[in-house]
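I'd like to ask some things about the structure below.
When the chains are written out, they are named A, B, C, D and E in that same order, and each has its own residue count from 1.
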Amino acid sequence: MGDILVTEHLSVCFSGFWALHDVDFSVGEGELRVVIGPNGAGKTTLMDLITGRTKPSSGKIWFGGHDITGKSPHEIAAKYGIGRKFQGPNLFENMTAAENLELAAAGRGTVAGTFLRSAPKSAAEEADGVLRRIGLTGKRGLLACELSHGERQWLEIGMLMMQDPKLMILDEPTAGMTEEETRQTGEMIQNLLKGRTILVVEHDMKFVRQVAKTVTVLHMGRILAQGPLAAIENNPEVIRVYLKSEDKEAPKHAGP
Amino acid sequence: MPFNEVNSMDSFLALLLNGLNSSALILLAALGMVIICGLMNVINLAHGELIMVGAYTAFSVTQVAGLSFAVAVPAAFVVSAAVGAAMELLVIRKLTGRPAETMLATFGISVVLQQVTNLIFGAQSQYVAIPIEGNLSAGRVVIPYYNIFTILFAAAVSAGTVLLLKKTRFGKRVRAITQNRTMAECLGINSARIDTLTFAFGCGLAGMAGALAAPVKSVSPFMGGPYLVSSFMTSVVGGIASFFGTAVGSLLVGESTALLGGVSNDVFASILVFLLIIAVIRFKPEGLFAKERR
Amino acid sequence: MLVLDRVQVNYGKSRAVTGVSFSLDRGRRLAVLGRNGVGKTTLLKSIMGVLPLAGGSIMWNGRDVSALRPHERCRLGMAYVPQGREILPGFTVRGNLELGCLAWKDKKRAGEQMERMLSYFPALRENLGRLGGLLSGGQQQQLAVARALMTSPELLLLDEPTEGIQPNVVDAIGRILKRICGETALSVVLVEQNLDFARSMTDDFIILQKGAVVCSGKTETLDPAAIKQFLSV
Amino acid sequence: GGRQDTAASKPIKIGVLYSLSGVTSVSEKQLYDGTKLAIEEINRNGGINGRKIETVFADYASDPARAADKARKLVLDDKVTAIIGTCSSSARKAVKPVVERYRSLLIYPQSYEGQEQSKNIVYVGCIPNQQAEIFVNWLLKNAGKKFFLIGCDFVYPKVENKLAKTYLQKGGGSVVGEEYVPYGSTDFSSVLNKIKTSDPDLIYSELTGDSNVAFYKQYSAYGLKAPIASLTTNETVLKSIGISAAKNSYICVDYFKNVKNPVNRKFVETYAQKIRDGTEPTYAVMGGYNGALFLAGALKKAKNPEDTQQVIAAFRGLKIDSPSGTISIDGGNNHTNLYCRIGKVDEKGEINVIYESKNPIAPKP
Amino acid sequence: MKKLLRLPVNRYVDYGLFLVLALFPLSGSLFYTQLIEKYLVFLIFAYSLDILWGYAGLMNLGHAVLFGLGGYVMALSLSARGGIPDFMANGGVTQMPGWLQVLSNPAAAVLAGILLPALLAGLLGRFLFYSRVGGVFFAVITLALAQVFNLFIQSQQTYTGGFNGIGGLPGLSLFGNELTLTQGYYFVFCVVVLAYVFCRCLMGSRFGLVLRGIRENETRLEFLGCDQARFKTAVFAVSGALAGLAGVLYAPVNGMIAPNDVGMEFSTAVIVWLAIGGRGNLTGAAVGAMLVNVLGNALSENFGVFWQLLLGAVIVAVVFFVPDGIVGALIRAARGRKAGKAVESRG
């Protein structure tokens, strides 16, 4: 399988601050790639660039053979099929959970196409199905702002399912979930992988271990390391900047 | 539309100075708006009426009570601030976080203020004597002393306001509340009191603008409308929360009106200035001096 | 000392916290655990005063604070790290930190406190002059913790403070908090999904379900059965 | 006695339509006061052949569309014989189709730009040929040749200035500048600059409302000396302008408080007694007053004062003794023969009548 | 029957209002029938702002511009029926300009009166929304536009009648026959009902859903593949067309049009109707428009000078006690009773 997403010499500068620097990054089709790295390494920024939220200062982004550099977010989402979950939940606060899901599939295509009386039946059914899968069936009529943090995270994932993109970008999907839920999310992500490519950003190493095969580590706007999970976890640089604290007195981290 | 020629350096200079004077009045009027709109996110449609309250205070102090104009300006500040504080305590406060509703409420208040003034003073415009007579003239350029006073006063008040908000603890608290009310409270800031003070301060500035305008403009219950529109435009063009932006915005509006009015006519000039404002916002959608955001 | 007595909190007509009672001694640390949407955040907000009580009372150092506003509770020594960070986007990192000690007259003490925080969180020192809103998620989270500590609180309310923070900084935060607790008899209420972190940090725990305490005890004794029963779906 | 509700003693209903709220309320309050004084006086003196006049008041809040609504209400619902009212041309134009359609009658008390006639409207105020022509010629003779014309940007000033220009041409004067500002504008800096540059002998102004007041003030602050001649300023406006800015300016209207005749002396006294808000009678008050007097005259003359058509017919050539002199309705065009007077503001802020036409001037709309 | 019972409360209000309006001419009062006919036109105007502000969250402070454009086109057309209109002749125009000849065809005028505002709104939307002008900035631009338009109308005396406006227009006519008052009333009533049905269908469709999404969180919507600028432009244009339609009807119904009807004042007036009635559910727009106008008319008669003071106080009170407007409060009350159900105001 070829690479579906490729970046070439990608850099971005925010008023003098280089958040990403000459990044050559690629993901194969059908792959599940995890991106880790210290806070402020530029992970979210990379996702911003891919989805068109931020324009690069230099470099190119290719997706499925198309140049998508500098394209607008809606085009990238609708035409090329890249979907994204944001780092913090980003919802339609005063609309119900069900409406949030419906919206995820409603806005694509032409304006005139939406003038029809309502969404096709299949879409409503699909929304019900998704609600069941994310465990919010009982809260379908609640407004998004009335949901708890974790529930909102689930709703975001649900919206992604509705959107059904070719490339799914998940920025810290398990933040605020219990360990059990995190595990479930991991499973769900592996299920979702069928027929698409997924990019996950996470700090929860347990979760990373559960889902990851290949891991990319960003550090200070550059790729620090990339490779199989085991290699990464033993990479002394990665350990130093990300995994273990330098302080010798660090208490033993209890865990499996 | 035919353009007249500006026939000499002199009259160009005169135009510039006139523009500066207009800018100063606009700036004074807009400052209060920037504070209330930029810092509290309240679109105060009663802004013009607070300017009117200031003007009427100046009228009452100088013509009715017979005191000096030097008393009238601070009095206008105090009275408008008091009206503002009352507005905040009675109405605005209860509508925190509902910008559209707040705006409507202030619209209602503006109508009430107009009508109450109308009932008390009548609809005819009131006389306020010009406190500093005479003018400075050099060749074709004439500038009344009072205009010079206005310009200096506006500059001083703006500088003072900026210092107050940027350098003092009060200013920091105000800005903290603007950005995240709940969190600011959790950090020990009494948001309720600060809100009232901020709103009152903004209104006080508006009142002061009214007092300054009273001797050269007309003082009537319905005088507020044009001030509202021009302050609104000015603060938006500058970038709502930026004082520097407001200063630049008022210069832009004042000078371009004066210059365009100079080479053409006032109607045409106002139309052009509005179009200019539309263009500025179109190409700088957050105003000229917006903060960077993520 | 913090004492909650049958605390109830409503959202409109629906009740999110249905009667939680516990007491927390000086210098002790309590973990509040529970699945999503059980009311942990709601409970913490009500302790800080962000949400009003619908019933019950909250005592703090022998004083009934149930009716006080958040800023008054802050002045009585409570500090809050909210879920979702809530950084003031238009203030610089330094500005955000300074807000924590705005009430202090003593400039020098404030300076020292700031210095201490920066040494705890080196990532903040690098970004001192940048606007808070521009920081990355994890950096903001660190800033939120540091800002709460700036007030030199006696009671720290932490809502999932490790969310989005890189593993080694999570460790560091744990270490810092412990150190401070040791030095100043700081009490902590910690809402946490990261069980390892909660275990290493706290002395006692309560588990919430549907807005009520269903299980409580010493953290060491937190057994897999309880975890399975109350924390898994 | 028994009930005397026969047709002969029933009051006659007329509509009074002014904005006491809204932006034009200053002028309209004056019109209203004039009308009110006149009707009180008529009723006190026995009414219309023994029948009282009953007024139905409606406020249109300076909104022409609302004026039309209210006129419709007065005619259809209240069934008034005639309406006296409206101030701005836009309001009158809005009411015109209403009174024409229902064959009713409007007495329009304000001066306006002319160019209109209607069978169903009686115009009691000045039109340009009764003011401007004389004023311009007098100014040319007594004040200077170079005119600077200024007005708000609407119909009345533009028409007035157009006429002024033709009179100027005939009289050998010249126009050194002509400016219009948006209605309600109060910033005159660029205009003042132009005035300074063009160095006129005289400013000829039809500014109204707030613009008018602000202009006088700023003009004097800039130290400009050429006198201002205005068709729109009156005693009330002068108060807002202040003596120092207003002195030496000229005003031309059909009536001043200081007009010397016994009727006016009595009127000024009554005014001071009844309208206790510190204002003085102006030409607008007089318009409202004259309108009501004319109407009363027509009602008296008509056989059946409730038949509007008869009342309309009765206006033809009707004459009254008004504080502004003996004036009459022109036979052909439903406008009024009025005196023309020019006043100059002295150092004490009083308007001295320095010119008065010998006879009323015939209207040429 | 069951279906009828399950309708959200505001629908009952709609139907009730329409029923009352349909029966109104039976009251026989000539004056009030004519007045209500005018207010019916305002209903369309209120709907047009509601789909823009209530649903898509775009607060247009110059909405009367769109209304006025339609109105002026129609007024010009009507006044040109009998040759060159007065105001043009006075301005020195001796020959009927070509465009006016085209407009004097009523069908062309109606079409132009609807399409021109739509076009203006569309162009403006295209110009603004693609550069992400929104929120207060949109409000300010539209406010500026209202000012420009007003000044423009006033300064072009020869073509617009200037400050005095265009008056003395003939009433409604259909295929060359002038309608009687009652006929005209029912004609306007039918157009209102059609406009209502149109808006309701449109807002119930996915288009409406997307609009509400835009109001809530437009950036998020973009990452779901929706070109928000296009939707905003579309709704602005539709709203413009409706407002234009209202204007087109207004000119003959009111018999005149003046700068007052196109400037800031009238724009704020609609905003007030929606604020008092409630927005984002169409019902509120209708209730607000009717209530404010009817009360305004009644109060101005009985309270003289005080009525505007009262209006101001009422606005404050409504915002204060029922911030979602009257209908919003009604819906909320109903929702409180059967909690958990998705509600019209949101759906």
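The rule is simple: a residue touches a chain if its C-beta (ideal position, glycine included) is under 8 Å from a C-beta of that chain, and two chains touch if they have at least 3 such contacts.
Quick caveat: nothing in here was measured; it's all calculated off a predicted structure.
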| item | value |
| --- | --- |
| Distance in touch steps, counted as few as possible, from chain A out to chain D | 2 |
| Longest centre-to-centre distance from chain C, chain (CA-based) | D |
| Length of the line joining the C-alpha centres of chain C and chain D, rounded to whole Å | 75 |
| Between chain C and chain E, centroid-to-centroid distance (C-alpha), Å | 51 |
| Whole-Å gap separating chain B and chain D, where each centre is the average of the chain's CA atoms | 36 |
| Per-residue multi-chain contacts in chain B, two or more chains | 115, 118, 225, 267, 270, 292 |
| Residues within chain E bordering two or more other chains | 151, 154-155, 305, 308 |
| Multi-partner residues of chain C (each touching 2 or more other chains) | 134 |
| Partner chain C, residues of chain A touching it in the complex | 14, 17, 37-41, 43-45, 87-88, 135, 146-151, 153-154, 172, 175-182, 184, 203-205, 241-247, 249-251, 253-255 |
| Parts of chain D lying in touch with chain E, wherever the complex brings them together | 20-22, 57-59, 61, 63-66, 68-69, 72-73, 76-77, 88-90, 93-94, 96-98, 115, 153-155, 158-159, 180, 182-183 |
| Footprint of chain E on chain A - complex, ascending | 51, 53, 72-75, 77-79, 83-84, 86, 90-96, 98-99, 102-108, 111, 114-119, 141-143, 159, 163 |
| Touch list for chain C against partner chain A, complex | 11, 35-39, 41, 83-84, 123, 127, 130, 134-139, 141-142, 160, 163-172, 174-175, 178, 193-196, 199-200, 231-233 |
| Chain B to chain C touching residues, read off their complex | 169, 172-173, 175-176, 178-180, 182-192, 241, 291-294 |
